[in-house]
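Each remark here refers to the structure printed beneath this line.
Should a chain be cited, it is by its letter among A, B, C, D, E, F, G, H, I and J, assigned in written order, with residues numbered from 1 in that chain.
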Amino acid sequence: MNRTDLTELIAQRRISSGLTWQELADAIDRPVVWTTAALLGQHPIPRPEAEILVEKLGLDVGVIPLLGTVPVRGTDRDVAMSDPTIYRLYEALAVYGPALKELIHENFGDGIMSAINFSIDIDKKTHPNGDRVVITLDGKFLPYDWVSAD
Amino acid sequence: MNRTDLTELIAQRRISSGLTWQELADAIDRPVVWTTAALLGQHPIPRPEAEILVEKLGLDVGVIPLLGTVPVRGTDRDVAMSDPTIYRLYEALAVYGPALKELIHENFGDGIMSAINFSIDIDKKTHPNGDRVVITLDGKFLPYDWVSAD
Amino acid sequence: MNRTDLTELIAQRRISSGLTWQELADAIDRPVVWTTAALLGQHPIPRPEAEILVEKLGLDVGVIPLLGTVPVRGTDRDVAMSDPTIYRLYEALAVYGPALKELIHENFGDGIMSAINFSIDIDKKTHPNGDRVVITLDGKFLPYDWVSAD
Amino acid sequence: MNRTDLTELIAQRRISSGLTWQELADAIDRPVVWTTAALLGQHPIPRPEAEILVEKLGLDVGVIPLLGTVPVRGTDRDVAMSDPTIYRLYEALAVYGPALKELIHENFGDGIMSAINFSIDIDKKTHPNGDRVVITLDGKFLPYDWVSAD
Amino acid sequence: MNRTDLTELIAQRRISSGLTWQELADAIDRPVVWTTAALLGQHPIPRPEAEILVEKLGLDVGVIPLLGTVPVRGTDRDVAMSDPTIYRLYEALAVYGPALKELIHENFGDGIMSAINFSIDIDKKTHPNGDRVVITLDGKFLPYDWVSAD
Amino acid sequence: MNRTDLTELIAQRRISSGLTWQELADAIDRPVVWTTAALLGQHPIPRPEAEILVEKLGLDVGVIPLLGTVPVRGTDRDVAMSDPTIYRLYEALAVYGPALKELIHENFGDGIMSAINFSIDIDKKTHPNGDRVVITLDGKFLPYDWVSAD
Amino acid sequence: MNRTDLTELIAQRRISSGLTWQELADAIDRPVVWTTAALLGQHPIPRPEAEILVEKLGLDVGVIPLLGTVPVRGTDRDVAMSDPTIYRLYEALAVYGPALKELIHENFGDGIMSAINFSIDIDKKTHPNGDRVVITLDGKFLPYDWVSAD
Amino acid sequence: MNRTDLTELIAQRRISSGLTWQELADAIDRPVVWTTAALLGQHPIPRPEAEILVEKLGLDVGVIPLLGTVPVRGTDRDVAMSDPTIYRLYEALAVYGPALKELIHENFGDGIMSAINFSIDIDKKTHPNGDRVVITLDGKFLPYDWVSAD
Amino acid sequence: MNRTDLTELIAQRRISSGLTWQELADAIDRPVVWTTAALLGQHPIPRPEAEILVEKLGLDVGVIPLLGTVPVRGTDRDVAMSDPTIYRLYEALAVYGPALKELIHENFGDGIMSAINFSIDIDKKTHPNGDRVVITLDGKFLPYDWVSAD
Amino acid sequence: MNRTDLTELIAQRRISSGLTWQELADAIDRPVVWTTAALLGQHPIPRPEAEILVEKLGLDVGVIPLLGTVPVRGTDRDVAMSDPTIYRLYEALAVYGPALKELIHENFGDGIMSAINFSIDIDKKTHPNGDRVVITLDGKFLPYDWVSAD
């Protein structure tokens, strides 16, 4: 079994168990986006958290070392983009990505928002015209910096 | 001249004028991400705002109707993704996109975050280990709803 | 078993059972395009309808939670477009898509036809020169609207 | 000047003239979707209609033969799909295309909806929760039929 | 078993049985190109013909309903084009396709050669310099015709 | 001026001159598909024929050497396939290509239909249900043959 | 088992048997490039040779008809090109392909080097600075020739 | 003017001058494939040879430094592959590439045929059944060798 | 003029001036890889350095603001990869990239080598068997770290 | 079992055994990048080293011949590039690749850095602002050299 197989097994076990992602996150006391992404194969899961999750989801303890290994991250773009819920996120980047680049440079200088020293959160907020999804990307600014060892 | 040509001309005029995107946004009293995206060809610009911007950037008033037309939106993906500053945003979706989909469904039900009834903001926040870029996507939740006219 | 496997199983069971899509839709009292799309893996199917369909198609009741989960929507474009029946729909968009965009903007302003608050129907209509397929897309107009929570 | 150049020129002249697509369609007494598509380079325009349109848009009469020639039809898919307004149409096909195929076969037999003996219309319909875009595709059913000359 | 699996099984049974495509076509009294294409998964096969073919190829009668279902047509382009025998057909279109378009329009007007009301035949003809493959595509001309139901 | 530029110029001159492809073919006493393809940039045109065509189309005699050079053949696939008239030819190959391969092998043995020792013709044939386009591909069979010089 | 499966099985049996490609070619008295390509699934293998090879490789005699069938030729380009040894061949074409085209035309006229009436050989030649790989492509020149049956 | 522009200019000057590639190669006493490739933009041309070629082709001496610069090598694959003369070379690799890889390894060990310490030649050889194109690739074998500086 | 145009102009001026990249780097006292990349459009060039370079290359001082703007970084992958000199770098990643990932994780933990807090150097080193190119990538290790503002 | 299957099995055995890549490299006294790449399927592994590794990883000795065979090298680009750790290496090439090409030519002349006579190393170096990953590519310079056998 590789990590991809394990991710699919986790998805099935979660559905049949009826557990929510929030309940799984609460069980290991970690942020819910991190926990969901990790269970979907995007982060290594340390042994203590893995032990709890394996027990919750009725998995074999033999998968704990595999859960603890750094995975090959990422999502097949074609699959991901065909789903309307995920597509809207890509659409926002298609429309606003170059503007964000300009404003990162205007406000911070030449560099990037790190996606490694980074967190992401999702909230439900109310509005008179209907609930809103609010997603916050929060990454350290890294200036282009020409540095060498020594 | 089409909108693509005009966008390139605007980019050049802004650089040679030394104006910031923020100054242009302030001049028309609109949010800075909206203004930047609009000047980069992603939104129609209403006549009153267009008149101010055309004057600021030293453009011909003849371009005002073109600025006011709904553009073909979007960004060439290959070009956009080759830039490290923009790429980090796509990387965040590649790692966290499926998790966000799961959590939208868990918290709101079957549906999407609208990218039309939507705003996006960028902030600079301080942190002991260095400034952080905080990008907020804020879209109305739209439930899948099978509706017909009449 | 994941949703893709289940969709293929449903397709096979429907063929061997001899049931039509219309009969399945009638059994759950839902529109036939919605029902067909849902059974092809594009919509979650609520438990009461799932129970009826599972019984009709001779499936195991254990698949009901999987049918009720929000799926990753979409169709592999290359596969879909190689089929002449589906291709004609894409051809219509290739020829008329930009015109529809222009007319949505001319008649409604800047915005989109929602594909979420949306229904689609197919009818057979007679014509002296032969029967006609009439497909109706019916979606709420969503104006571009820059809104934030709170 | 080729047809692509001419289409861009028409687009610019229409914007600067302030004419709507509906006014242009009315001037030649043709359906508005047909007229818009034809002016966007998707149909040959017969001489009488071309003479009127050329005059309305202030074009040189020398372009009339070019307008009358059968064009290379279609739209660059990447460009078209990056625009959110057009994308929603492709999204509807990604979600419902295979279902439409199944139902064409169930209701008509093996064959296709013609995109040649075909018309398409767009309407604005009211609904208590907001105006709706209603697009109707109407094509002759063509059964698979193995026929030879003679 | 889906149609793709069944097509592969048919291919293997035909090879091990030593039957030619022509013999299979003769057995059901259908044109040989149609029969070959149908057995390769491109056409539904009516029950009487399916019963004969299933018996000839030693297949289970349970596959007859699957053979009778309208398939998802088409061929993976990359696979097909890598084969030199098939590639020459694509090469002919790459070199002569635009010329054929021009001549269809010159001789018939604006429209297409139907690939649905269509037959295709292959012959061996002798020539002093060696046998020749003669492939005849024969499709009804369909003029672009803007028609609606009612 | 390269051959691509020259091909576009020829296309424009032909439209403004009102000459048909058939008239151009008759003027040089060559088959009409060959002539059309050659003028669309797919074959070198020998000097005598080039002199006639250049005069007919009002081109500069300086282009005769360029017309006589072997061109880089082929058509941009994406452009060609977006046009419905050309697409139907590709669709026929997608549906019947593998069957044609099988039957070439069954009737001729291992090898190909040459697209070089090759001609192609298009005819209009009548049929009670409407005129038919008949396209004939006629190529020498070339058996796979492992031969070396000397 | 299809030809792809069989090719993989042959590859594994050859490795475990320790036989070289040259030994297999010698066993059937055929050129080594032809033999290797044929065993890699690119040529049908006549029964006498197939019987010898099947025995050498310890395969079941039931695969002989499959080995004798004309295969779908070709190699997945992405896979092939990722291997540095194969890539260098593609690189040579990328650098010298257009020059070879020019020189074929200059020396032979308009036409191609056949890849069907064709052989290819590989040799090891010595050179003071190190052994050299010498690959010889040897194909019949086929002039573009517009010929019809009859 | 960049190298691409210059290459196109060279191509046009050669056609109008009526010079053959062989004559140009003879003028600078270099192999004809090298000379043709170099003039098509694939090799830097040293000053003495460049001076002769510039004079022969009637180019401005100002282009000599540009001819002498190492170019970005390679050919647009889609363009190159659409031409039947070039395509046959790629077809040979698709059919025989993996076999060549196997035989390089069998005869030389793990490594590659260099495309840098490399020459390529084209010959016309006679054969009773027609002239043959013989292309010889001749590259140094480079064994995989794990070496470091110092 | 945009940055792409300016980069091409710089390339041409450098060739005609005969200046080496090293001389340009020395003139502004910056590392040579940084300087070359910056002049090829990959880094903003601060005003003092830009003034020197503009003077050296005989450019108009009006381009200095454009040189100082953060560019859209990156290289067209297809163009870059067709060049054998650049391709070898990609080949090294194709062969060793996954191994480097494994060893970064084994030696540093979960995270990345920054390409922003990063420098790259190229050296010529001697070796008994021939000079060697030594390229050093030197980037800060960034551990995956889930951090938020505040 | 083919090499791809074997590579996946090795990956799983290494994780469950808890062995590091460094320990495996030490066991066979080979460089760690070479060893890791070889175990990931990029190099043949000689029998003595294979015997040790097979024993360490608890594999069947029957896989030793397969480990010793020259593999089809390379990595699926889409998979590799979706991982942020690997992507940063590609990003460095996108930004600095053309500059490296220029400097190889400036310092060595026309040619390439070999990726075959090549080694690659990774080090951890300290820096006041945090540990740095230092990757060294070290390849023999190969000048373009037109050489033939004999």
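The criterion applied here is as follows: a residue touches a chain if its C-beta (ideal position, glycine included) is under 8 Å from a C-beta of that chain, and two chains touch if they have at least 3 such contacts.
Model, not experiment: these values are computed from the prediction.
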item	value
Touching chain F and also chain I, the following chains	G, H
Which of H-J and C-E has more C-beta contact pairs	H-J
Centre-to-centre distance between chain J and chain F (centres being mean Cα positions), rounded to whole Å	49
Distance between chain centroids, defined by C-alpha means - chain B, chain C (Å)	31
Contacts with 2+ other chains: residues of chain D	70, 72-75, 77, 82-85, 91, 94-95, 101, 105, 111-112, 114-118, 125, 127, 129, 132, 134, 138, 140, 147-149
Pairs of chains in contact (touch as defined earlier), listed by label	A-B, A-C, A-D, A-I, A-J, B-C, B-D, B-I, B-J, C-D, C-E, C-F, D-E, D-F, E-F, E-G, E-H, F-G, F-H, G-H, G-I, G-J, H-I, H-J, I-J
Residues of chain C that touch chain A when the two form their complex	1-2, 62, 65-66, 69-70, 72-77, 115-116, 147-150
Chain E to chain H touching residues, read off their complex	82, 84, 87, 91, 94-95
For the chain E and chain G complex, residues of the former touching the latter	8, 11-12, 15-16, 18, 78-79, 81-85, 125-127, 129, 132, 134
Complex contacts: residues of chain C adjacent to chain D	20-22, 32-33, 36-37, 40, 42, 73-75, 77, 80, 83-86, 88-108, 111-115, 117-118, 120, 122, 124-125, 127, 129-141
Of chain J, residues touching chain H in the complex	31, 34, 43-44, 70, 72, 101, 105, 110-112, 114, 116-119, 121, 138, 140, 142-149
